[in-house]
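Which chain is which? They are A, B, C and D, in the order written, and residues in each are numbered from 1.
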Amino acid sequence: MIRFNCDYSEGAHPLILEKLAQTNLEQLPGYGLDPYSLQAAELIKQQCQTPQAAVHLLSGGTQTNLTVLAALLRPYQSVISADSGHINVHETGAIETTGHRVVTAPNSEGKITATQIDRLCQAHWQDDNPEFAPQPKVVYLSFPTELGTLYSKQELLDIRRACDENNLYLFIDGARLGYGLTAPGNDLTLPQLARCCDAFYIGGTKLGTLLGEAVVIVNPKLQKDFRYFMKQRGALLAKGRILGIQFLTLFTDNLYLQLAEHANNMAALVRQACRQAGFDFLCDSPTNQQFPIVPNTLLKKLEQQYVFSHIEPVGKDKTAIRICTSWATRKEDVEQLAADLQRLSGK
Amino acid sequence: MIRFNCDYSEGAHPLILEKLAQTNLEQLPGYGLDPYSLQAAELIKQQCQTPQAAVHLLSGGTQTNLTVLAALLRPYQSVISADSGHINVHETGAIETTGHRVVTAPNSEGKITATQIDRLCQAHWQDDNPEFAPQPKVVYLSFPTELGTLYSKQELLDIRRACDENNLYLFIDGARLGYGLTAPGNDLTLPQLARCCDAFYIGGTKLGTLLGEAVVIVNPKLQKDFRYFMKQRGALLAKGRILGIQFLTLFTDNLYLQLAEHANNMAALVRQACRQAGFDFLCDSPTNQQFPIVPNTLLKKLEQQYVFSHIEPVGKDKTAIRICTSWATRKEDVEQLAADLQRLSGK
Amino acid sequence: MIRFNCDYSEGAHPLILEKLAQTNLEQLPGYGLDPYSLQAAELIKQQCQTPQAAVHLLSGGTQTNLTVLAALLRPYQSVISADSGHINVHETGAIETTGHRVVTAPNSEGKITATQIDRLCQAHWQDDNPEFAPQPKVVYLSFPTELGTLYSKQELLDIRRACDENNLYLFIDGARLGYGLTAPGNDLTLPQLARCCDAFYIGGTKLGTLLGEAVVIVNPKLQKDFRYFMKQRGALLAKGRILGIQFLTLFTDNLYLQLAEHANNMAALVRQACRQAGFDFLCDSPTNQQFPIVPNTLLKKLEQQYVFSHIEPVGKDKTAIRICTSWATRKEDVEQLAADLQRLSGK
Amino acid sequence: MIRFNCDYSEGAHPLILEKLAQTNLEQLPGYGLDPYSLQAAELIKQQCQTPQAAVHLLSGGTQTNLTVLAALLRPYQSVISADSGHINVHETGAIETTGHRVVTAPNSEGKITATQIDRLCQAHWQDDNPEFAPQPKVVYLSFPTELGTLYSKQELLDIRRACDENNLYLFIDGARLGYGLTAPGNDLTLPQLARCCDAFYIGGTKLGTLLGEAVVIVNPKLQKDFRYFMKQRGALLAKGRILGIQFLTLFTDNLYLQLAEHANNMAALVRQACRQAGFDFLCDSPTNQQFPIVPNTLLKKLEQQYVFSHIEPVGKDKTAIRICTSWATRKEDVEQLAADLQRLSGK
C-alpha cells in the first residue's frame, strides 16, 4: 500500500537523522537551553526578519495551539477561528479544556475574512451586556488552511487591520507553513507573514521532522514568562536538543522550503492527474493537500493499493478525499497513481 | 417607566419575605443542612414524584449550569445545546471555563430535535478518530426555551430516546420551568418531565424568589459527592436557609404554579394586544416571554414609558423585542400597555 | 440548644429585612446596575477613602476568593497563604480548580510574616529554573484571621513592603472585617487597610446580611473586565439589588461597625468566663471567635445545651473549641453560658 | 566540561538511533497506531505480566503526570504526594492547572508511608464537612524517588493496603524506573510493582530514549477513553512511531535494564569515591543519583571541570549536590572524577 493520506507517514528527512546521530553523544544542557536550540531560534528570527521575536520549540500542533492560546488569552476571552480550523475540529476541545471558547465563523474554502471578524466583534461590543459573552481577543488562522488554500497578502493585511481595530491578537497556525510559502500563486514571504502576526508557528511534524513546531512570538508584550506556560503544559522537553537540531537542519541551506516545494510539485502532478480523470475538487488548493471528488466505484478500486483520507460524501455516488504529498513522496509513486487514475477512469 | 424587559425586576413574592422575616432569628445549621432546606427538598421530590432524587439549592442559573455540567461531564466530554441555549449565549463561556465544549445545533424556535442529536453523535462516532473531538455526553435543553417556546411531551420523549441510544445524559434548564408547566397547550407535567431527565432545575430567580435554583438530580448514579462540586464552585451558601425557606414557600399551597400562571395570563394579554396592533412575532410563545416585531417609529414612542429588551433588527424598519411578564406584573400596567399599543398603532 | 458554633446561624439584621421589604416591588435593573448597588458601592468607596476603587458585590466567601484570584493571577502564577488560610482549608480546592497553586507558609496564630513572604519569593527566583515552579504573584491574608487574630498596622505595612519588593499583589479576605476593625487593640482603620491592599473584601454573610461580600479592587490596573470574571463564575446575581440594599443598609449610620462591636463585646464576656473557668486558649483572639481549650468531660455537659465547633483535640482529655458570637448574639445567652461555665467548672 | 548534573545530557542509545534510521522511510499510520507502537505495548505488557493492561506512549514526565492524573481524578479530588514529589516541586503547578490539589506529606528520604496516607484520609473523612476540602483519591509515588531512594516490597504492599482501605488509586512515576529495578538491594520486580499499581509509567527520557514515557494503566476501570485525554492535552504525537520504535528497542533483549544497571554501577563508583573523600550524603541512594555533601571550596574547584546540580546549602560551608550517571556515562569520566576527588580532598 502506498500512503497518500497524510504528510506524516514517514520519519524525518535523512539529513535530520544524520545530524541527530552526529551530535548524539555531545553532553548538552536540557530544556531548550542547548546551543542547537539557541542557534535554531536565531536562524529562524533572521529568516523571519524579526530580531525582537522570541522563538520556542514545542512538540506538536495541538500542544502548541493550546500553550500559545493559554498565554495570549485572559480567562474570559475567546479565540475566533474558521469553523474548519484545526483547533475547532481536530483537537478534542483542547482550547476549551484550557478554559476558552472557540468562536467560529463559517469558512470559505477554509478561510475567514476581515469582515467576519469585524462583525463578530461588533456583535460582542454592541450588546447591552458584552460581559455576558466571552470577549474576542485572538484571531486564529491557518496558513495554509485545513483545505490547503492560502490567504493572499491583501487578505492577511485586511485581517491585520481588523485585528488592530478590534484590539485583537493575530495568531497563525503554520503547521504546514512551508507548503504555503512555496506554493504557486502565493504572494506572501516569511518576513511579511511574520510582520503581520503577534505570534505564529512553523511546523516541523508535517514538514520533515520527527516532531516539533517552532513558535515565533513576534509581539514583545506577549513574550514574558512563556517558558512557564510551556513547562506547565508538559511542553518543555528535557532533551530540547532534538527539536533544536531538527530546526537548525531545516533552516540551514534552505532545506525547509526545498522540501515543501518538492511536496507541492508532487501535489501538482496529482492535481493534474485528477483533472484528467475528470474529477471535481472540493476546493482549489495550490499546496500539498488535494481534495478531489472521486466516484465511489473508482475509489474502491484505488484503495486496494493506496491509502487516502475520506473527507465527506458528495451526493450518493462520490466522496471527497484528501490526497497528501510530503517531503518524502516519491515521484514514481505519484506517477503510478496518475497512471492508475488514467487507466481506471478511462480518460 | 414600567419595566417589561425581564422577569426579575422586582424582589420576591411577599409571602417569601414574610417567611424570611418570621424565621429570621431562628438559629439554624448552615450550608443547606437546616430543616427548611431539607423540607423544601422533600417537598420538591414529592411533587416531582422522584423519591430517589437528590435536591440541592443553588443561587443562580449560570452557577447551576456550570456546577451540574462539571459534575456530569468527564474532562473530554461535551454538552449539546441549541445555539440559542443560555449556556451558549449568556454565560460568558462558563461551561468552557469549566473545561468543556458546548456543541451547538441550530435551533428552531429555540428548540433542537432528537434527530439533530442523533446526527451529532453519529458524526462523532463514525469519524475515523472519534478521540480527536470532544465526546458528546450531555444534552442541555431549556424548558421553556430562551424564546419562550415549549417541547411537547412527544418531542421530549424522542429526545430521551436519542439520549438513551447515544449514551447521553439529559439535563433540563428550568430557569423558567413554572411558566412552561402552566402554559396553555403544554402537555407535560412536572413528574413526566422529571422522569425524562437525568437532572434538571426549577428556577426561583425568574419566578418569585430573591435568588435560587433547585437542582433535582434524578439519576442516582450522578448524585455522589455533588456537595463537593457546589462548595468548590462557590455555590454552597453559608446561610442556605434563605434558599430553603424560599423554595419551601414556593412549593407550599401550589404558590409556584400560581405565580407562573398569573404571568402567563398577563403575557396572553400582551400577545393579544400586539396582534391587534398588527405585529408579527419572532416565534409563537405561550409563556411569559413574548417576542413581537415592532416598527421602530412606534417602538421609540413606547420606550418613553416602557422598558423592553431588544432582540434583533428585522429588516430596516422593525425590531424584534422581548416583552416579559412575571409573578409581579400588574394587570393595570398590561392594560395600559395594551391601550397605548392600540392608540399608537391606530388599530 | 443555643448555637455558638458560627457567626451565620441567624438570618439578617432586621433593618436589612425591613429595607428589602420596603423596596421589594420597585422595578429595578438587574445584575448589580440598580441604584442601590451603585449607592452601596459609592458609600463603601467613601468610607474606604479610595475614590478610584471599583466595588463589586458577590454572594459568598469562596466565590469571592476564587473570582478575585482568577482575575489577579495569570495561569502559571500562585497565591501565598497561611497554611490555616480559608482558601487552603475550607474551600474544596476552589483555587486549584481555577488552575492555581496555593503556596502555604506555616501560620503563627493564623498569621504569616513579611519575612516568610520574602523567603518564598527568594526561593523561587534563586532557583536555576524558576519556571519549573508556579510563580508567586499574590499574597492572601485574612483580617481577622481564621483564628480571630489581627495583623497590626506595622505587620501589614511590612507585608506591603514585601509585596512591593517581590512584585506581588496583596489581597485581604475580610469575611469578618468588621470584627477586626472594632476589636480592642486593633490599630488599623478601614482607609489604612484599604490603602495597603490591591484588593480586599468586606464580608456581609458573617456580619449581618443574608449573603454578600463587597469586593473593593483598589488597584486600578486590576479593575478591567472584572464583571466578565463574575459572570463567568456564576457570581453575578440577576437580582443584584438584594446585595446592594443589604450593603447600603450596613454602611448607613455605621451599622456595620456597630454590629461588629456588639459581637466583640459578647466575645469578651465569653473570654472572661472561660478564663475564670480556668481554660487556656488556642490563641489570643480579641474578636468574635474565641478558642478555649475545654476538658472533655465538661464539654460533654455543655454540649447538652450549646453548640460549638470542635477545632482539634489537645492532649487526651481536652479539646480546643470555637465559640463564636455575632451581631445576633443575645447578652442573656452569653450570661447563661458564663453561669454554666462557672457552675460546671466549680470556679 | 563533563556533565554529571542529570541523566538526560546525551541523545539516545545508539541502537535506538539505528532503529529509527532503519525504519525511517516506512510509511506508517500515525498517532500511536503503527505496528511498532503496538508491538512495544505488547512487549511491555508481557514483561509486566499484566495482559489486561493498556499501554500508551507519551512524550515526557510532566505531560504524563498531568494526563494520567486528569484521567484518574474527578474535579474535586486530590492527589497525595511526598512534598519532594516531582509533581510538587518541578512541574510549574501542572496538576493544579489541571484543577487538582496536590496534598503533600513530609518525605523521609524522598518517601512517604502507608501511615501518612491513612492519616491524611482519616483527617479528611472525620471532618464534620469532608466536602469542604478536596477528596483524596490518588497516591502518587516515584520509584526511585527524587532522592534516588527505593520503596521496599513491604513498603509498597503497605501503601497498596492503605490505598485499598481508603479507596485510593496508586500511581507510580517511573521516570527512572529501570534504575530502581536494577539497584543493589531492590527487592521488587517489574511484575510485582505493576501488580501493586492502578497505573504507572516507565520512563524513557531519563533512560536512553530521545523522549518518551510508557504509561501502563493496569486497572481496567481506568483505561476507557484515555486517548481522548492524551489528544486533548497535546500528548498524542502524529509520528507516534518514534515512541514505539524507541520503546520496542529498549524492551528487546533486555536493553532497558542493562542500560540502567550500567548507570547504577557508575553511580556506585561515584559513591565510593565520595565516601573516600570523606563526604556525607543527603540520603542513602542505591541508584543513579548520588547526593554527596561537598565542602564549597572543593566544589568550586571541581566545577571548573564538571557540571553538577546544586540541591541545597548545608551549613555555611557545604552544599548538597546531585551527581547523576546515565546509560551514557563513560567509565573513564567517572574514574577521572574519582581521581580528582581523591587529589582535591587529599584522602
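One rule holds for everything that comes next: a contact is a pair of C-beta atoms (placed from the backbone, for glycine too) under 8 Å apart; a residue touches a chain by one contact, two chains touch by 3 or more.
Computed from a predicted model, the values in this text were never measured in an experiment.
Across C-D and A-D, the chain pair carrying more C-beta contacts is A-D.
Taking the mean of C-alpha positions as each chain's centre, the chain lying farthest from the centre of chain B is D. With centres defined as mean CA coordinates, chain D is found 42 Å away from chain C. Centroids of chain B and chain D (each the mean of its C-alpha atoms) stand 50 Å apart. Taking the mean of the C-alpha atoms as each chain's centre, chain A and chain D sit 34 Å apart. Each of residues 75-76, 91-93, 97, 99, 131-132, 134, 228, 231-232, 236 in chain D touches at least two other chains.
The residues of chain B lying in touch with chain D in their complex are 31, 70, 74-76, 99, 129, 131-132, 134-135, 225, 227-232, 236. Those residues of chain C that touch chain B in the complex are listed here as 1-3, 6, 8-12, 14, 17, 20-21, 23-30, 59-67, 91-94, 97, 205-206, 210-211, 228, 231-239, 241-242, 328.
Those residues of chain A whose C-beta lies close enough to touch chain B in the complex are 75-76, 78, 89-93, 96-97, 99-102, 128, 131-134, 309-310.
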